[in-house]
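One chain, chain A, appears in both complexes that follow, with chain B as partner in the first and chain C in the second.
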Partner chain A sequence: MSRDAASWYESTARARIGDLLDDGAFTEFLPPGERATSPHLALFDLPEAFDDGIVVGRGRLDGRDVFVAAQEGRFMGGAFGEVHGAKLVGLLRAAFEIRPAAVLILFDTGGVRLQEANAGETAIAEIMRAICEARIAGVPVIGVVGGRAGAFGGGGLIAGTCSGLVATEQGRIGVSGPEVIETNHGVEEFDARDRALVWRTTGGKHRALTGGADAFAEDAAAELRSAALGLMDAAAPFDAGTLRAEHDRLAGRLERFGSAQDAPEIWRDLGVTEDVPALDTAEFGAVLDRIGGRHGAR
Partner chain B sequence: MERLSYGHDTDAPLGGDRADAIHGVVASGNLEVLMERVLPAGRCEVEIATPLSGYEEVWAAVVSDFVERVQPGGVRVSINDGGAQPDTVMLRLLQAARLMEGGR
Partner chain C sequence: MAQDDILARLFPEGHDVRVADGIATGTAPLGDATATVIGIADATPLGVEGALSLAGAVLAAVERGDAAPILVVIDSGSQRMRRRDELLGLNEYLAHLAKSLRLAEARGHPTIGVIHGHSAAGAFIATALATRMLVGVPGANPTVMDLPSVARVTTLPLDRLEALARDTAVFAPGLDNMVAVGAVHRVLDAEAPLGAQLAGLLAEMPDRDDRDRLGAERGGRPKAAEIAARVVEAARDA
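Let's turn to the complex of A and B:
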């Protein structure tokens, strides 16, 4: 299989970077040989990863200088620990100084790593601040959501601060994940084992329809590459006007859809009569265009 | 966490000129293998961190099979194990060695 067609969902963090960026252009910061591993996992007798589950570095995307961070969703659910978070904070702060054409965050995370929760929560706050500072400096921060773990918990919050998000059908975005909602509110509120429910409420199509993701792409590296490039060019200036417009959009969305019981109600209200889960990428793209779903807010 | 360490003399250095390579992910039933060309050409050392204790003989057998088959002289191998089966361990070792030799 060519790297352009490689499934993002099935891939690893390192392979995704190789498939996304221009050939041979990637330089890793804190590579595995540096052994920047978690200082906490050994206390719990848990295995470490040499990169603490995130690969950060610098490369080129269509010839443009970009910084990139890729989370490994298969190592501890891609969760943010102290070192994992610090690597992303450092990358974003370096972007503020060096001003690359963009920072790309390839999300694949369930949120904060519970074994190092305080450090992880702190990292989430520092990352959101660093994203805002990079955006104020004119560096777009683009999120790609298409991995097994999605972008949940603190990862969902970070995704919400990006200049733009591209999601695949498999990519899910949220704060409380399905199992957390079920645990706290009961199976009648949300059945985490109902995969159709999980995907139609947190998946990429629903997020694209309701403005939770700015672009929708097929589960293939080439499609995500061109979507990310499009979002880099479309990034709005990060100023009071943009924020006010985004707050107004979110308030309007809550008012319009806040009482809906399930996603299809919202789709019908948006004038989407098609069977959304059955649509292929081209058909779904036509629906997005028809309802003006490519809103470009934030 | 059990930490195991093995050293072998080899007949030849590992081919290729890549300084280091990593392959695999620390996930259930999987492992990551980091290879670094930092030792004398006729020497290979393997360090393993595994959450499962009691499998020292199996690890020793897999490592000595790998060294005999590949002759990875000059290479330090570091493994973070997630509870992989011996065949998966051998596969990842061979894949990492292939990367060191210049393959993809």
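Let's turn to the complex of A and C:
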């Protein structure tokens, strides 16, 4: 299979970086040989990973100098532990100093790693702050959401801090996962086994239609690459104008859709009468163009 | 501590903070300035409306351009765990609040978090943990997840987790553990006037995010600061 045809969803963190960036252009920081492992998992008799489930480094995207972080969803669900989080904090602080053309975050995470919950949660706060600071320095931070674990928990908050987000249909974005909501409020509130309900509530199509993602792409590296490049060029500055525009956008969404019971009600209100889950990427792209393309500032 | 009591102790000269649906906004004198006060009361979970309203108060302060302090006074639940909040994109509302606080800081507003009750998960990250300096009042109880829930998710026996929690700060609930990982800069002295302590903090705001360094010094996060620094070094050499 050519790299452009490989499924992003099925892929691994390292393969995603290889498929996304220009050939041979990636230098990993703290590669597995440096054994940056969790100091805490052994307490729980859990196996460690030599990269703690995240790959960070520098490469080229269409010839442009970029920093990249890719989470490995197959290790602890891509969750943020102390070292995992610190690698991303370090990458963002380096971006503030070195000013690459962009930082790309390839999300694949369920959120905080519970065995290291306090360290993971603090790391998420540090990452969000470091993203803001990189953006203030003029470095766009672009998120790609298309992995198995999506971008959930603190990962969803980090995604919302980025300058721009591209999602695939499988790229789910949220805070509380369906299972957590069902556990807290019952199956009547959210039936986590109803896969169609899960996708239409948190999946990439719903996020792209309502503004939770700025671009939508096929589940393939070539599509995600061109979407990410587009978002790099379109990134809004981190200033009062951008956040005021985001505020108005979020207030407008709440006013317009706050009493909607389910996603199709929102889609119809947006003038989308098609069967959204059944649309292929080209058809769905035409719908996005028709209802007004980019959602703007974040 | 009830919100009225904590506000009275933090702002002994008075304040005009009002609480509606658990969301607090207003102003209060602090040092020589009139601070903007936002907060969450009564362990209220933070949903889309609350996050938007708090962010609105922060952006209004930014747009006034007075560079006055912004205080974030927290006794919250977790993020509101409802299907409707997720449908509407709660992650964006919470991130918007955190970004607004960071923007305020960039515009010269010192931002100080005060946790005096509970807080957890997304609500904690978007509020108290998004300030430049976070202090705790004794008795505060920040958590990521309570131990019975951790036991369920990790399938570890609760008694084993409770034993582990006595020896490591990294996963167990509680203010002391959040101090140990560096998330909480310091704990206020409950016996001394809180207002004077709060005003005193304005003179010692850290000039950068120093939480990983604090976590290393206090032993709660032994590796984070070193790992982040090594990544920065490697990036300089690349």
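Simple rule for what comes next: the second predicted complex is superposed on the first by the 297 of 298 C-alpha atoms of A that agree within 3 Å, B and C clash if a C-alpha of one lies under 4 Å from a C-alpha of the other, contacts with A are read in each partner's own complex, and residues count from 1 in each chain.
Following the convention adopted for this analysis, a contact is a pair of C-beta atoms (placed from the backbone, for glycine too) under 8 Å apart; a residue touches a chain by one contact, two chains touch by 3 or more.
Worth saying up front: this structure is predicted, and the values here are computed from it rather than measured.
In the three-chain model built by superposing on chain A, chain B fits alongside chain C with no clash. When both complexes are overlaid on chain A, the residue A:29 reaches chain C alone and has no touch with chain B.
When both complexes are overlaid on chain A, the residue A:161 reaches chain C alone and has no touch with chain B. Of the two partner chains, chain C is the only one that A:124 touches; chain B does not reach it.
By the touch criterion stated above, A:75 is placed in contact with chain B alone, chain C being left untouched. With both complexes superposed, C is the one of chain B and chain C in contact with more chain A residues. Of the two partner chains, neither chain B nor chain C is touched by A:292.
Look at A:63: by the touch rule set out above, it reaches neither chain B nor chain C. Remark: least CA distance from chain B to chain C after fitting both complexes onto chain A is 14 Å.
Interface residues of chain C, counted against chain A in their complex, comprise 48-49, 52, 55-56, 59, 62-63, 79, 81-83, 85-96, 98-100, 102-103, 106-107, 121-122, 124-126, 129-130, 144-145, 150, 153-154, 156, 164, 168-172, 177-178, 180-183, 209, 211-212, 215, 220-225, 227-232, 234-236, 238. Residues 1, 20, 22, 25-27, 30, 32, 34, 36, 49-51, 78, 80-82 of chain B are the ones touching chain A in the complex.
Interface residues of chain A, counted against chain B in their complex, comprise 12, 14, 31-33, 42, 45-51, 72, 74-75.
Chain A makes touch with chain C in their complex at residues 27, 29-30, 34, 36, 39-40, 43-44, 56-58, 67, 82-83, 85-87, 89-91, 93-95, 97-98, 112, 114-126, 128-130, 132-133, 136, 151, 153-154, 156-161, 173-176, 180-181, 184-185, 189-190, 201-202, 206-207, 210-212, 238-240, 243-244, 246-247, 250-251, 253-254, 257-258, 260, 262-263, 266, 298.
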